[in-house]
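Some structures to go through are shown next.
First chain A sits with chain B, and in the next complex the same chain sits with chain C.
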Partner chain A sequence: MKKFSGTEPKAQHKGASDGATAVQERETTKLVGQSIPRVDAIDKVLGKTQYPGDLSRPDMVFMKVLLARRPHARIKKIDSSATLATPGVMAVFTASDVPCNEYGLIEPDQPVLCGDVVRYIGDKVALVIAQNEHAAIIGRERLVVDYEDLPAITDPRRALDSSALILHAAKKTNLLAQRRIRKGNIESGFTKADVIVESEYVTPHQEHAYLQPEAGLAYLDEQGRVVIETAAQWSHDDRHQIAHALGLPQDQVRVIYTYGGGAFGGKEDVSIQIVLALAAWKLRKPVKLIWDRDESIIGHHKRHPYIIKAKWGATRDGKLTAIQMDLLSDAGAYASSSREVLNNATAMCTGPYECENVWVDSRAVYTNNPTCGAFRGFGAPQVEFAAEMQMNKLAEALDMDSVELRKKNLWRNGSIQATGAPVPEPVGVIKVLEAAARAAAWPVKKSSSKRLETKKRGFGVACGFKNVGYGFGFDEKCTVTLELHGRSEIEKVVVRAGASDAGQGAHTILTQFVADALDVPLEKIQLVTGDTSEADPVGSCSASRLAFMLGQAVRGAAELAKEKWRTQSERPVKATYRFKPRPTTPLDPETGRGDPAISYCYAAQIAEVEVDTATGQVTVLKLISAHDVGKAVNPQQLIGQIEGGAAQGLGWATVEHFVMKDGFVMTPNFTLYLIPTVLDVPEIMNTVVLEDPDPQGPQGARGVGEMGLIPAAPALVAAVHDATGVWFDQLPLTPERVLKGLQSVP
Partner chain B sequence: MGHKIQLTINGNSAEYEVEPRMLLVHFLRDHVSLTGTHIGCETGICGACTVLLNGEAIKSCMIFAVQADGAEIITIEGLAKDEKLHAVQEGFWEHHGLQCGYCTPGMIISGVQLLKRNSDPSDEEIRHGLVGNLCRCTGYQHIVEAVRYAAKKTNEAATKEG
Partner chain C sequence: MRNFEHITPPDLESAVDLLSERGTKSIAGGTDLLPEMKSRLRSPRRLVNLKALEELRYLKHNARKGFQIGALTTLAEIESNELIREKIPILAQAASVAASPQLRNMGTIGGNLCQSVRCWYYRAPEFKCWLKGGDTCYAIEGENKFHAILESSPCCAVHPSDLAPALMALGASVHITGTDEEGTVSLEEFFVRPKASNRQMTILGANELITEVQVPMLDGDSSGIYLKAMDRKVWAFALVSVAVQVSWDKERVKGARIVLGGVAPIPWRVPAAEEIVRDQAITEEIATSASEAALEGAQPLRDNGYKIALAKALVKRALMTLAERAKK
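What follows is the complex of A and B.
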């Protein structure tokens, strides 16, 4: 067995089974393109990695947060006398203790601690700090909050009724955002259509269910700065939001990220960071907080439920003539990134298909349901579920093969998006569909060897695409500093890049780019990523963007650093580079015209399912995923991203049933909210990786973090239809729902 | 009042005094500072807190520390010997059986137990052996490969020695 000191690079990886298109083993000394082991793997298999909940400091005290646990109410009075009389309790903080009581990822419309009104069950009302966690829990139980319950808006369809209470008085409406696309002439588009398919799709909340619940430790450092050690997705933005709420200059706040136990978008918003900082700042003591699973599920944002009305028309020979979409998004109680998710949903709701006539109306509304925000895919999974369902239904209506129908309409080089902008080239979506179809030997004949009469098998296909980076005119903010130490030879490279690694492997990829750009071995590279006072801002770990942006920023910084190394005698050499991808623009509010995306990445998936018609159970037997990644920077990690994303997409479509009732979450733990186990994922996941270089990406790389999730649900539902003849327009396909659907067919 | 218990943790025997309601997982993390055993759900579902108790993989959030009195416990920190990874640990490293790594210690412990019970498991048997451990990152394929690798490696080593 091997010693675990050192992480020598090696080029082993399991590739795709489709040898013709798979990533080939490389004869190169370059590390980009090789499956080098993760930089964090050794500590993780040894149990040495410190996650936020593992942190401690001498004389630290513990905090518990009182969540509202009611959907809409006025706070009349908070009585903390019994809490303060509890042995071990040191302090109670409420709204009046917060210097600037507001925060939010994009718009600060959320109170740090609610003073007058609570708008959803996860609103924070008070903080209890005690000598130990147990005393904090007892103290929290003894807080008496006198509420006056208010009518709650829990159906987004009712949020804009004239009788609905306005949840944010200053806004005078519950309409958080609306978008439109008006392209061509929708009426004439439907006139030209030989078939029209109309459906309403309902997609549910999804819980991120990262295995590490929110946790952190805050304290004052030797310079008197408030330090928050935690793990989330965007340290520099956390710092900004903490400083804003505490009324401190940014340099008085330090955010330090440890390795995080998963995020998937769910740690993009601030959860426990501000309240931890507040308590440490007020008490001048180290304060620790760990959320229970129940607090995590209630306390952090979710994937937006969408209600999507779709009407698509096509000619007899399968050419799309009209796409009309109406999107309604339940934003929950606060803005979070609902507008930005709606941007994505609006721009991407046609799927990667070209159509001359597009009409989209989309809205995000405030309700008293849990706040919704970022989750892997960021609006794309919901709308692309609808788009791919429409394509599969059109194929059925036209009696045409669904792959063939897609190929007649899919984007290609020169295609124009619904927003009027050309699709960034090269456009690889037809290639990925063909690769998936090849790997599945599409069209697949249904297996005749049914084990039981009640078990029916079927196959389904779907495409997917996702923008890389924020787009819509948003600033990418990706800066990297490289320091070269040594004299004549580079002895050490310090990389200052505030990149969060939530598990996806950003740090490993970062070292690969640095090693290649400077031609230095891995062991000379020292990463400084966690501390906002030491690392440059690179933007969030989200939007399938980090490999793309970091790679380009590293390459820019390396060029500058090498030049300085050659021409200057001063050591160490320090070079800072800010990568600016090509500009994008927001959508025009009236027409939706705009250039929303820097680049896109593409995928196609084919699912094989078995439906038990006696129980309604859907089992996914096999999933083929084909992805155009531009360049597989670390093939093994990349395949892990695709398979992990696919499992989340299949979970969203099957076992993950997030149940809401009157504004309450009925599934606040893993006993009730199920995520896929090893027996719920397909035994066969065949991943085909294509590399059609993106000229904008580092060495041609696109993004990959979100793609695996997107086509999974529509591919699965198409396979269930193939098996049973029934379309299911609402996710997830619980056994109850499937049985009911099967019974509705005569 | 505290209860006196005697435990052998990763080969080290000692007496401890614990509150009767203290869960074993909290004892391991907070009193012995073995934070490699993680808490993910507190309800016995996720398996992040899995340790070996007298050779059996158990979820340490489901028993009290006092119930473990007299037991021998192996946590993730006790698997590697003399700077050498256990074959299952090596498998997770080699086969990218982890991403965020939070489920990894529990997953590895369950892998160790399943190989102890069945040194040459089929893929299906590996899957059944890991069903009590949730992973949200990987989609499980690389985890199954990691355990398969460990089985092969262990059997090869046994053949050489035998």
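What follows is the complex of A and C.
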């Protein structure tokens, strides 16, 4: 196994550059493994890159969306006469204007425009299109909607009460999904336990808080197709959903992605795409829309809050004997990917630990809160927070070192998952834990800061894992076409792969894979990624999957292309390859048996914190992250992903407090919803990268996009406990909560 | 934002005259007013642009009058002014932890004292709360972790300014100019609890402007400190803040002014705590009992009980830090 350190523990400074140099020093002509500069960097730095908000066309008009801004109500009447009389206003569209008024990432349970009922504050009610943005805003203000408010379900614990109003009448229940795992015998597992730790954990909504709010431009092209230019995470699925709602064949719809300013899962669902397409289609004019920050925060989905009841048992010598988990997820008003998130949460709630007796009940319920869906980690951060908290509490109860306790239970080659399937090998989680422990010189003795007695320091550890790709039986595929131009020598390679680059660097990695597979220099490679009518479907930019899938699809396409180049005289050579990873299976509804994941990636993090016990403020001084990535395709980007993910995880654990009241979002802007600043991120971030090749991944690569976020919260909370002796079971640890917690101890 | 007229008056007098007309607001840096207009909390028909009034942008100091700070002076200017940093560092500290560098470049001291509250019900167009002319303070029964623990009725929003507690601890006054009158009032008189007939936190009339902030000369040996607790390291409003200015006779306190931010609808001076430290050398015991006196009578709402502990901790920390420094 190869290994390099992002930042050598002794060097103790921030930044990816050290990791990058470390690898560049290797003697190789191959680009995979090198920190080549981002292919999009120069244009972005020069301000040349067009983001969705920058797009324009002569003749374009502007749209504003009227959001419901009430959690649950019946629409009695919409009066648009005053709007239509407003100078500059061209049209108002409501539910009856939508040919097929439904959409959804997995299940189309969401109206494009609400006709009868609004189910959460972000529901769209009407579209106002005007000559300019100002007129659209004024026109929107003059829309009169007559509502009859309905009782709102805002506590997921009450969603299944017999008295609760059913959100989707056709479903007859607010239960959106439920899963089970029944492995071994839970009763006898607890009988064998010498200690049992039982807790309830509460994890909050999280806002994606990307730099670029939703925006786009839609128009008709010369062939009469409706074109939607925007930036999100899955162009081909957007196209599918738009075509469905507009009642058009897929080839009448073109989705073109520009570069995007962040996504983190928040742009996996459709937000503005369908309404833009609808307006452009109806008016046969270019239509532009930019969401304000508060529209973005209210209008797009969130990370699911989870309420997790955990009961874990272990023997005196630290072997887990029983894991019982009850997961309740607040799905909000529509399905989005709640079922799939629940799948992940269910399969991963035991943590990467062996246990013979597992009992899991999990449910996702509809409420009148904002819809929840994909967010970096996709269910794993919530349940692994609970799992790692349980391990740290067990270590305390057993008076055992928490790294040692983990090592006795962590998966290794040959381990069986809670779902009954063997863990895909090689299993590197013990190695990452050992690497993190080494970098931290674990077990670390606390040195209380001398400055003020009220400031207390502590250390905490957590592991994490995340599946690569969709899994659970999803028919996963990734198609790439390579075109080789030239005669005897390859002069140009055109890569057709509809891969979204939300800022994580997918296009750079794609270029690296192509360059190596065809042995051509970077300059000869031309990417066609944005346009669904010209690029092949690669699947979403999510699930830590894109580098993994693209790499394999490129490998397959390159082999075909080289073969044709050798054996055929026709130029250009064109080769298409569809990569399908090994199949997975869904979980059995009764027992949870199944083979849920192609592969996993692993991490361990150790946090050092300082808690000001007088003010409740928590400062993360240092975060060590050890990751097994299989292969660091581009070390600089890799470390950027890990550190960025960790910062986002620490944000979720400390400053990001999404406050809801009776279905309203109290924090619809960045003055109230705080995200970490550079000063909230630890001064020292040591990232240790291990490369234990995954035989299924391209040159051994696993995924990494989500992993940095996952162990951060439980590592931080463990460190706060180490400092103060108090366990905090609810995130985030705001000063308010920390002070309340500290007051409860004598 | 609705369309509005933007007028740059030639001088202060015309500015005040223009303000007499209904639907008119003054704008300085615009950092608070423009966001309010964007979210429709205010839709003035006319804005009177103060930025062009050079006569309001100055910072003077002399041994008799102390500091005279023109209302248009920016927070950045205050934060970096050498004389302020030397003679009244508490004000520089307060300015340096307010908002963000960009906002401090634009935001003025006058606007800072007149800014609107940050209560999330007040700021949300969906709620017509009492302060906006409605009947209900939603926060009293609702989400109130950022709200007042003292005097929390009829409105429990807290004044968000960092400068105000520091200035009040310095004994500062503001000079107000109106159409017919002008005069100087202390900050204790300037800030008032909102009442049904005056739903705002100051006595300022619609056609009045702050023209100057005055900080009197301090006693020979005086020191001050501003501490601010936030939900993150920087760029957040105070959960609780404390401003303490002490005049010393060697290591004994001659007199102290202790002001809390974030605990009441207006900056909250705590005479009971000041009384406890007067004529004392500050020990941990004294600091503790002063901190307890400061929070006497606090009545937390559902979510903000933590502010009591937090405010006490800050008062104690401020006093102990000043005492420590006084020994050196």
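Please note the rule applied: the second predicted complex is superposed on the first by the 719 of 746 C-alpha atoms of A that agree within 3 Å, B and C clash if a C-alpha of one lies under 4 Å from a C-alpha of the other, contacts with A are read in each partner's own complex, and residues count from 1 in each chain.
We adopt the following convention: a residue touches a chain if its C-beta (ideal position, glycine included) is under 8 Å from a C-beta of that chain, and two chains touch if they have at least 3 such contacts.
Quick caveat, the model's predicted, so the values are computed rather than measured.
Sharing chain A, do chain B and chain C clash or fit in the superposition?
After superposition on chain A, which the two structures share, chain B sits beside chain C with no clash.
Where does A:R69 make contact in the superposed view: on chain B (first), on chain C (second), on both, or on neither?
second
For A:A209 in the superposed arrangement: first (chain B), second (chain C), both or neither?
first
Have a look at where A:G705 lands relative to chain B and chain C in the superposition and call it first, second, both or neither.
After superposition on chain A, A:G705 lies in contact with neither partner.
Could you work out the angle between chain B and chain C as seen from chain A, using CA centres and rounding to the nearest 10 degrees?
Once the two structures are overlaid, it is 50 degrees.
Applying the document's definition of touch, where does A:A614 land relative to chain B and chain C: first, second, both, or neither?
Second partner only, chain C.
So in the superposed three-chain picture, is A:G640 touching just chain B, just chain C, both, or none of them (first/second/both/neither)?
After superposing on A, A:G640 lies in contact with chain B but is clear of chain C.
Which one hits more chain A residues, chain B or chain C?
Between chain B and chain C, B touches the greater number of residues in chain A.
In the overlay, answer first, second, both or neither for which of chain B and chain C A:P537 touches.
neither
Is A:Y259 contacted by the first partner chain B, the second partner chain C, both or neither?
first
Check whether A:L679 is in contact with chain B, with chain C, with both or with neither, and answer first, second, both or neither.
both
Taking the superposition as given, does A:T671 touch the first partner, chain B, the second, chain C, both, or neither?
both
Looking at the superposed set of three chains, what is the minimum CA distance between chain B and chain C in Å?
5
Would you tell me the residues on chain A in contact with chain B in one complex that are also in contact with chain C in the other?
Comparing the two interfaces on chain A, one with chain B and one with chain C, the shared residues are 671, 676-677, 679.
For the complex, which residues does chain A have touching chain B?
1-5, 12, 14, 35, 37-38, 40-51, 53-54, 208-213, 259-264, 290, 292-293, 502-505, 636-637, 639-641, 643-648, 669-671, 675-679, 681, 683, 685, 708
Would you mind writing out the residues of chain C in touch with chain A in their complex?
For this pair, the touching residues of chain C are 2-3, 39, 118, 120, 123-124, 126, 142-143, 145, 229-237, 239, 303-306, 309-310, 313-314, 316-317.
Help me check something: in the complex, which residues belonging to chain B touch chain A?
Answer in residue numbers: 29, 34-43, 45-46, 48, 75-77, 79-80, 83-85, 87, 89-90, 92-96, 98-105, 108, 123-124, 127-128, 130-131, 133-145, 153, 157.
Quick one: in the complex, what on chain A touches chain C?
69-70, 134, 138, 294, 452, 454, 614-617, 619, 654-655, 657, 659, 661, 664, 666-668, 671-672, 674, 676-677, 679-680, 734-736, 739-740, 743
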